[in-house]
Amino acid sequence: MKAVLLFSFLALLNVSVAGEVTKINGAGATFPAPLYSKWFSDYQMKNKDVQINYQAIGSGGGIQQLLEQTVDFGASDTPMNEEQIKKAQWPVMHVPTVLGAVTIVVNGAPEGLKLDGDTLAKIFDGTIKKWDDAAILKLNSKLKLPSNEILVIHRADGSGTTAIFTEYLSVVSPTWKKNVGTGKTVNWPVGVGAKGNDGVTSMVQKTPMSIGYVELAYAESAKLSKVALKNKAGEFIIPSTDSISKAALKVDQKMNVIDQEGKGVYPISAFTFILIPENKKEGKLAMMRTFLKWALTEGQTSAAALYYAPLPKSLAKNFVNKL
Amino acid sequence: MNRLYFRKIKNFIFLGLISLSSLFIIIPLSILLVFLISKGLHGLTWSFITELPKPAGEMGGGIVHALLGTIWILSLASFISIPIGILGGVFLSEYGEGFLANTLRYSADLMTGVPSIVIGIFTYALIVIPMKSFSALAGAIALSLIMLPTIIRSTEEILKLTPKHIRKAALALGVPRWKVIFFIIVKGNISTLFTGIILAISRATGETAPLLFTAFGNMYLSSSWKEPMATLPVQIYNYAISPLENWQNQAWSGALLLIILILILNICARLISGRFDVGHGPKFIFMKLRKKWTSKSF
Amino acid sequence: MTYLSSTRFKLAPHKQDKICLWGLRLFAIVIIALIVGLLIALFHLAFPAFKELGFSFFKGTAWLPSEGIFGILPFVYGTFLTSFLAILIAGPISVASALFLSEICPKRLASFVNLFIEILASIPSIIFGLWGLFYLAPWMRDTASPFLKSHFGFLPFFEGTSFGVGLLTASLILALMIIPTITSICREIMKVVPCEQKEAALALGATRQEMLKLAVISPSFSGIMGALMLGLGRALGETMAVAMLIGNNPKISLSLFAPASTMASVIANEYSEAVSSLHTSALCAVAVVLFFISLLINVLARVIVWRFAPLSNRSRG
């Protein structure tokens, strides 16, 4: 009886959902997830026959699931490393989709707190323990800082955001490079781990006197205080669409735009990529390529509203031709 | 005299302490329930139960995909585990001595101790990877592995309580043994068996860990067993750890919905078996059976 | 009556029974094969890690997936510490409640409290995690830990500031989750104590407390131990609530406020995104170790409980 009722209900459901809808599954980075969810929803409104289901489980997860072929496309903030490339059954194309920034967010200190790379590294490795430490006060002479302990919040999962952040710290602090290093997961000396960009954001939101690193979109939507970071030119810059775009004026082959030279550049800016198999062009992947072409052209207009920066036009055109 | 006084004081303190101990259970639970209801009730609207989620940042949206996903995966899991579980329980209660039966019994007990996350890994490795896709089927198989040992053991216990004279009477009348088992004993106990099954299902409803990497998650409605599917516990988990207040409120409403679902299942189970106390009472089952058999005519 | 007659089938009744028996045996074999298959599959997945890491897996205290260093000790520490703390907190409460409910409580109040325990038992782990994250963690951070620090700060267990999430919070929520398990088993065991023993103690002039100690707790003692171990077994495997409340930092630290990681929580957090096949294999190895530990505790518990609880009153295995 229960079975009959259930089946008839689900049969009705099937009828309402029916139609030639292609479902594409993807998984990966939480870094661009807010923008991707807007893109997928906008694209679906224009093309009702494509449904893209994206689960934000972290860059590490995106690469892993793509390699296991349990999803149709992956998303990651960092390119695959050699071991992963070798493990792949086919060559993987890394399509840059948008630029974002890793923002340092704080709870308990005022907006615009100034920090430089070295001090930041010392906070995250536990050398600097309190908010009113001499090094922080030196950079912020006009501010009154509490004498509480700094509570560090980092990522617990395999994260491209972590990779970008630790890459920056390794560049600006040789001590960090030696002791902790770079990677999607690192041996954090201190702090609590949260899952995903949203997990870190929510923890910083809830924990007074805490500091964390999240993508700009998350910091903005949760209205957290952002830190002004010292760039190579000596200025203290707060991340914004503008300062991110300035970082991408000169892009090299590796697409690494961390700690770039120039005025008004935000030092921790980065590309984020969607990964698809290079040689497959039919079926779901053909639809994915069409979507990517749309994202690299029309989709870029929605980037700024969500606090990302659009790709440099030449780069976007380059990839549209490649797809 | 002194010694008696001391004993009396000890008595008073001891009894007082253990009486207060129940408060340590009631108080946190009440806080939890009050918190749950106060935070989740106003979000539990009709649109919440019937709409799909909206993209991040936009207000509104619902969890109909997760609710239907849970019902769908639970039904699938029941279809897999109920027949196997009942047959296993029947085997244990009817032919319960011997090497095979004992092995089955110990294996079922072994399974109840397996953490649900381990079952999730097993299902991921054995089903998700060869199928090259997360799927509702994988989620259903993981849940059925969790429900199976409970169903087997509860079936065995219930069937064992059937009074021997019914069995002997049927056999004496020339009914083949297999018909005695299925048409008389199992059929006679069907409502109590159903109780045990519903309790197993209600336990599986709240399982999150095994579904994390089997059914995965889906932002849309899905009714295909080959596609990933959203489920209520996993969706609550995703919303709970997000920083968006809208999603956090939805996590509370979803949690309230989940508890209501589980309570409905539990109440159904109790109504069917006609009791509201804990544990099986052999006397009651016997009386129920006697009433059933004296009212049917052969 | 005709539907029960066997003349419809060509086979003799005893042959039908034989087919039925073999059919049931087949199902039993399938089920056992499934369970054994689970074990074998787990081992197969974990084997590369055991082979490549060897003993360093069991002795190591560092867990660095990106560098290929995998040591299980931080997780064993986290799992055992939270579970034992949970038993320490839940044990006395559960046993005292069971005693209260079976001996002292008036009938109507007893069914009310029983209802509460039933509800507590059916609340899924994720909801405990949700409540813990939004209520218990802030409470721990703002109220409980300053209190503990100001009064017991000299102990190494209460060093450092509390984030809200950490070992102590996870232990508290685990305690709340295993209370129903332990209480209901203890109640069943205490119900079995023969009335004559209790009456005899009272007749000899014992106070109620003495009667309880002599006639109820003493004979049920091993049963109570068994119940505690079953609760421990449940706490060991608990995943979601712990993953949300333990802070996810695979380090061994003496302070109860510090974040840590348990075997179940690290698998839940890292499995779907393991950076290398060695990482996946190491996580499966953690699963194997977790499986064996919870198996051991469950078997021990059942042996102890079943020896002392007669079959007629045993409702849950």
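Order of writing sets the labels: A, B and C. Residues in every chain begin at 1.
One rule holds in what follows: a contact is a pair of C-beta atoms (placed from the backbone, for glycine too) under 8 Å apart; a residue touches a chain by one contact, two chains touch by 3 or more.
Predicted model only: the values in this text are computed from it and were never measured.
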Joint neighbours (chain A and chain C) are B
If chain centres are mean C-alpha positions, then the most distant from chain C is chain A
Averaging C-alpha coordinates per chain, one finds the centres of chain A and chain C separated by a number of Å equal to 37
Chain B and chain C have mean C-alpha positions lying a whole-number Å distance apart equal to 17
Between the Cα centroids of chain A and chain B the separation in whole angstrom comes to 39
Check: chain A positions touching at least 2 other chains come out as 194-195
The positions of chain B in contact with two or more other chains are 241, 248
Touching at least 2 other chains, the residues of chain C are 272
Note: in the complex, chain A contacts chain B through residues 3, 6, 10, 13-14, 17, 23, 25, 27, 33-34, 37-38, 40-41, 51, 53-55, 68-71, 194-196, 198-199, 201-202, 205, 218, 221-222, 306
Listed in rising order, chain B residues that touch chain C in their complex are 7-8, 10-11, 14-15, 17-19, 21-22, 24-26, 28-29, 31-33, 35-36, 39, 84, 87-88, 90-92, 94-95, 100-101, 103-104, 107-119, 121-122, 124-126, 145, 148, 152-153, 157, 173-179, 181, 183, 202-203, 205-209, 212-213, 233, 236-237, 240-241, 248, 251-252, 255, 258-259, 262-263, 266, 276-280, 282, 298
The chain B residues in contact with chain A across the complex are 54-57, 68, 71-72, 75, 79, 128-129, 132-134, 216-223, 227-228, 241-244, 248
In the complex, the residues of chain A that touch chain C are 57-65, 83, 87, 148-149, 151, 156-158, 183-188, 191-195, 206-207, 210
Interface with chain A, chain C side, in the complex: residues 62, 64-67, 137-138, 141, 160-161, 163-166, 247-249, 259, 269-270, 272-277
